[in-house]
Each structure stands twice: as structure tokens, then as C-alpha cells.
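Pasting the structures in now, so scroll down.
Next come two complexes, and both contain chain A; in the first it sits with chain B, in the second with chain C.
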Partner chain A sequence: MKKILITLALLAITAVTAQAGPEEDRMAFIKYYKAKFPSVPMEEYANGVYAIDPIGRENWEAIEEFPPYEPFIDAGQAMWEKPFANGKGYKDCFPDGPAMADKYPSWDKQQGMVVTLPLALNQCLEANGEKPLKYKKGPINNILAYVAFQSRGKVINVEVPKDDPRAMAAYEDGKKFYFTRRGQLNFSCASCHLQNAGLRVRTEILSPTVGHVTGWPVYRSKWGTVGTLHRRFSGCNNNIRAKALKAQGEEYRNLEYFLTAMSNGLELNGPSARK
Partner chain B sequence: MKIKTVLAMLVLAFGLLAGSAAVLAGGMKADAAMAADAIAKAEAARKQAASVNGEWRDTGKFIKQAQDAAKAGEYDKAVKLAKKAEAEGRLGYEQQVSQSELKIPSYLKY
Partner chain C sequence: MKKTVRLVSTLVIIASAAWLTGCSGKPTTKEAPKAMAAQVDPAVVAEGKAIAVDRKKGNCLACHLIEDEPTPGNVGPPLLAMKARYPDKAKLRTQIWDATAANPESAMVPFGRLQVLSDAEIDKIVEYIWTL
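Up next is the complex of A and B:
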């Protein structure tokens, strides 16, 4: 009898953790990282891997003295201000101004899906008869860099609305993606960025998940340009020898939803520079 | 005694069968039909893996290489590549299906 009761209790605990809400998940992540990196203050996580890599940080700080992403911000500002062919512009779609990166990703009840910033920008273009931008490389990074720069200092606060069960389903979907092993190497996002955060893959230190989304778009030295978060998702999937999924497809958008919720409370500091 | 003899004969017969099959398979050269069949199987396995978002990075590449090899008349190479791709497709599918339920790893404490 006692054994049965213990088993039942254990099962109940497992069920609770599997269905934990965004805030419970975030607290569990923070508890885990605090135990792993006790000397790192919470706000430092917004700096990604440089919160836990002192040598990499020195290089990064040197790079940030003459930020390589600056020309992209200027190009983005020009895009923001230039009217479309119909005379309207981004300003008309986003009356709250360019400092709006903290409003994304968000659950759009009408469309029944997670809307990310790049998607919202493209929907604005399409609504005004313009051609949408590509999601990984090219000019989308200019406009994203401008919006990110204007949004610096805003605090991430992703909400999963309780009045629409589809929103929680999207969040859960993103969480499942995060914990699902894929590719020939059989790694999940969690394998590297949770379980082994702080350890090295070849010469690179694995960054913690909390803070993954704060600095986009990112000027990566490897790319030699600024790229989007979903471009990085593709790269990550390729590294573990899984076929990358579509940028701004449902899977990656839901993953972004989950990841951003894990960074709730951190300040946005994009665009940023990484190796 | 009798049973033992029958058993021994059976074992011998199976052994011979297996042996000759192996010899046949080893000596057999792949032809265009075999290559086409292997490629079709590989493509089916790749699609099945993709249906659950479980496709691996290089599966499609191997199928493409197999198709190129078949076109060039290198059927052995084509079959070998297609078999590799088929195995990847199957493994990718199984990998995703085996994780159809979300399991939070034990190191993450709530």
C-alpha cells in the first residue's frame, strides 16, 4: 500500500512538472543556472555567453567599442522612414514607434498563432502591397537592428494569455521542441544550453538559455554580417545534423515564444555582437 | 537420438541456405532497377521522418548523390548511398516518435 502511495505521489509530481506554466518553468531554469553559476548576477544573463566566459568577454567588449552592427541600424532607420509605394510606412502599421521589440513575440488571438517581430514587419509590408523580406539574411536585419536599438533597455515580458488555450498549446509546443532530441547527434536544445551550459564544444563555450533572445539581431563574426534569431536556430539544428526547419515556421516561432518567456525580466540589448 | 539427427540436419540445411544466400548477395552486382528501388525506399523513409519533423541534415543529400550515381551507371554506389539514407530516415522517424511525450530531464528541478 505504502509503495503504491509513493508511486502515485511520484507520478503526480511528474505530471505537475510536465504541465508547469511559463513562470514555473522560468523559475526552474533560474534555480538551475544559479546553482551552476553562483557568482553570475541575474541581469548579466542578458549578455549571453559573455556572462560566463571572462576571456570571450574581453574580446567582446573590445568589439563593442566600434560596434560592427552600427551601419545596419542606420540602414534600418532609413527603411523605417521611407514611405512605401502607397505612401504609407512602417510608422502607420506600428504607431507606438520603433521601440517595440518588447511586444514580441506575442500571441495573436485573431490569427491564432505566435507573432514574432519579423513576421509582424512582413505582415505590414504585405498589407501595403510590398514584397515581404527574407527571414534569415538581407535587409530584414537592417529594420530589425533599428527596432532593436530603439528598444534597448525595455524589459522582456512575454505573457501566455490564459483565456485562449491555443496560446498555452503554442508555448508547450515550443517547450517540447526545446527538450526534444533531434538530428544524427541526438541532441536537444537542452542538451547543450541547459545540461551542459558553460562547458565547451570544441573551443566554444555553450551559452545558457536564459538570455538567448535579448540581443537580436546579432552581428556574428562567423557570418560577417547581422543575422536573425531564426537563422541561428537553423545553424544550431544543422550543427546537430538535423534538417533545419523553416524560418518563421510554426515550430521556430513557438520555440521563440518559449525561449523569450524563459528570459522574462531581462533587458533587451540588441543588436549585439557575437563570435 | 532421432530428434538430434533431425535437428543437426536442419541446422546444416539452414546453414547452407544462409551461406549460399550470402555468397549470392555478395557476388551480385546492383543494376538500374535495384538502384531505383533502393532510392524509392530511401525517399519514402526520408518523407516519413520529415512528416514528424525528424529529418536529419544529410539524408536528402545522400539521396541526391545516389540519384547522380545511378544516372552515371554506378549502381553499387547508388544502392549503398540509398541504403544509408533509408537508415537515416528510419532512425530520424523513430527518434521523434519515441519522444512524442514531453519529458522534463531529471536535472531540472521544479
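Up next is the complex of A and C:
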């Protein structure tokens, strides 16, 4: 077990030399979690902490009977269908329809950056003369909830294209972020969600990284509303007294790129509810 | 279940540590180790406790079980029988001041090194933890 953790830490260090591709990284993560949680089937990881927390799970299942995120899906559908001022709409930007969350995040060669779903939605708005939405709270969560709901069951399959070295660089950048300790409390994402996954910080069980991106946006009881993945990133950064970075800034987009690649093969199941 | 296993193994360690140092709460040798003889002001211990359990200060319970304290986490081992396990108080202080010195992979916050707590606060915590 410790050996695997060391291998994973080495992954972080040797990242620069870039022999280990995303698929090797993912296999290493899965090997580690499988050793830690031998009875948890792979597909369960899409349920986050509830895959490994039987007590929390009971509450969660009860909540899911009357999903608190439902009104947000409906509001998002209205947004999707309502034309912009210029008469066009989201439909024109995304002709294949709203079941498209599995297409993101992806490497955009032209822009030379990782494009996430919230970013693509805002680029659509801006291209049509509309004001972009805020990235953490508010209406962006409605449209995201609708797209997520329509995309349920699609399988995550992030690719890091080989024909553009900048794509691998972005992936490596996200990976490095994940393994780097920061903040006054000196934690990396890996300290909590890799090294100590399954253990408790006070009453909170730490969830595995595999499955971290499947269920967004998430209705959190603590927030009393639906919030984005990048809002959660800032939360986890604040908790360790590190400066939270800009939602949809380059660091968090690259982090999302890496995290999503670690969940390749899992089904999308957003929106979801968390305590 | 896991917790029980951890507790049991910790207790085994404690038992053997106590046996090794020949000290099980009450010193059995005629000459008590110096550290055990020293009396500490209960007010300092109380202050140490307050800092240790304060979520904005030590927040040790985030990761450690301390007997009779509510909602402990289990990222780190239970803090029990500390005198027996740390006959040398300075070692205990080092662990709290910078856990990554002994174990670079440690998840424990390096309270002193990163100035999460002041040296004076750490001294008080050490006195408190040593009573556990």
C-alpha cells in the first residue's frame, strides 16, 4: 500500500519527463484505491464519498428520493430553450443537443487551452452578445444542472491529444497542482483524497479522487443550493488556508482536466446531492 | 471495526512501550525519570487543552481521537498514554512543531514550522497532550 503511494508521489515528480501518460496514472490510482477499498465495485466511485460511507449513504439515498436539485434542472431547461436577444440560443452553439457533458473538459487546439463545459457555455453567450455567467454560484448552475441531467449515463473519456504537446503540458500542470502541498496547513489534494481517503477529518470521510468529477453540479446542504466544481475547489483550498484561485482560471481548468482523466470510464450522474 | 483494530494495536504498542521503559503511569523504579517527576501547573495544561481543541487553533481532533472529546477524526493515531510513549517530552514537541521532519509524507500540519501556532502555544499543548 505504502509502495503504491510512493509510486504515485513519484508520478508527480517524474511528471516533467512525461513517460507516464494519463492512462498509466489512472491505472495507478485505481490500483491504489482497489487495495484500500477491496469491496467497492468500480462503478460505485461515481457516487463519491457514499461509495465508502455506508451511514452517509443512507441519508443520501433518502435525499435522492426528492432531489433538491430538481428545480435547478427545470430552470436550466428554460434557459436552454429561451432565445438570446439576437434570436439565437444555446442550441445553435451546441447543435448536438444538451447531452454533451461528456465532451468536456477537452483540449482546444485553436485556443491552446483546456475548455471546460462552463467555459464553453459562457463562450457561447459572449459570441452572441450576451453577458457571461458567474462561475461559482447562481444561474450557471441551472444550465449546468440541465446539461448534466441530459448527459446522465454518458461515459467520461477525456483524451490528451498527442499531436499537440501543449495538451500534455496542461495535463501535467493539473497533476502537479494536485500533488503540490499548499496553504498554511500544508496539504495537497493528494494528502486528503489519496493518502487519507476513507479516513475521517472530524466527521467527514475523505472521498477518493476517482469519481470526483462525475456528479456536478452538486446540491450541497451546507451551501443550501447547487454549486460548481470550481466552487468546491476553492472551498477545499480555503480549508487549508491557501488562497483560492480563480474559478475557470488556467490552474483550475488544468486541475479539472487531470481529475477528469482520472475518472475516465465512469458514467456521468450529475446533478447530485451532498451533505 | 478499523478503529478498533487501530486502537488495539495502539494499546499493544503502549503496553510494550510501558514495559520497555518500566513505567506504567506510576514509576516502578526508585529513581523516577526526571521528566515524569516534574510537576506542571494545571492552569497551563488547561490552556493547552483549550488551544488543542479549538478548531481555529490546534484542531487536533480533526485527525486524532482524544478520550472524552467529541467528533474526533482518525487520520492520525489516537492520542493516548502519551507519557509512556513519549518519555522524552522534547520528542513530542518536535512531532507537533513539524511532523514532516520525521515523516516527509506526514499529513499532519507542521504547526510550528508554518507558524500555525506560536512556540508558546505549542509548549502549552505539549503539556496538555503529555497528560493524556
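Remarks
Criterion: the second predicted complex is superposed on the first by the 256 of 275 C-alpha atoms of A that agree within 3 Å, B and C clash if a C-alpha of one lies under 4 Å from a C-alpha of the other, contacts with A are read in each partner's own complex, and residues count from 1 in each chain.
Everything below uses one rule, namely that contacts are C-beta pairs under 8 Å (C-beta built on N, C-alpha and C of every residue); 3 or more make two chains touch, one makes a residue touch a chain.
From a predicted model like this one, the values you see are computed outputs, not experimental measurements.
Aligning the two structures on chain A places chain B and chain C next to each other without any clash. With both structures placed on the common chain, the touch criterion links A:Q195 to chain B and to chain C. Once chain A of one complex is fitted onto chain A of the other, the partner contacts of A:Q184 extend to both chain B and chain C. Residue contacts after overlaying the shared chain place A:A242 against chain B, while chain C stays out of touching range.
Shared-chain residue A:K31: touches chain B; no touch with chain C.
By the touch criterion defined above, A:M100 lies against neither chain B nor chain C after alignment on the C-alpha atoms of chain A. Residue contacts after overlaying the shared chain place A:T203 against chain C, while chain B stays out of touching range.
In the superposition on chain A, the chain among chain B and chain C reaching more residues of chain A is B.
Annotation: superposed on chain A, chain B and chain C show a minimal Cα-Cα gap of 7 Å. Once both structures are placed on chain A, chain A residues 184, 186, 195 are touched by chain B and, in the other complex, by chain C. For chain A in complex with chain B, the residues that touch the partner chain are 16-18, 20, 24, 27-29, 31-32, 172, 175-176, 179-184, 186, 190, 194-195, 237-238, 241-245, 251. On the chain C side of its complex with chain A, the touching residues are 61-63, 71-75, 100, 105, 107, 109-110, 114-116. Taken together, the chain A residues at the contact with chain C in this complex read 5, 9, 184-187, 191-192, 195-196, 199-204, 206.
Against chain A, the residues of chain B that register as touching in their complex are 50, 53-60, 88, 91-92, 95-96, 99, 102-105, 107-110.
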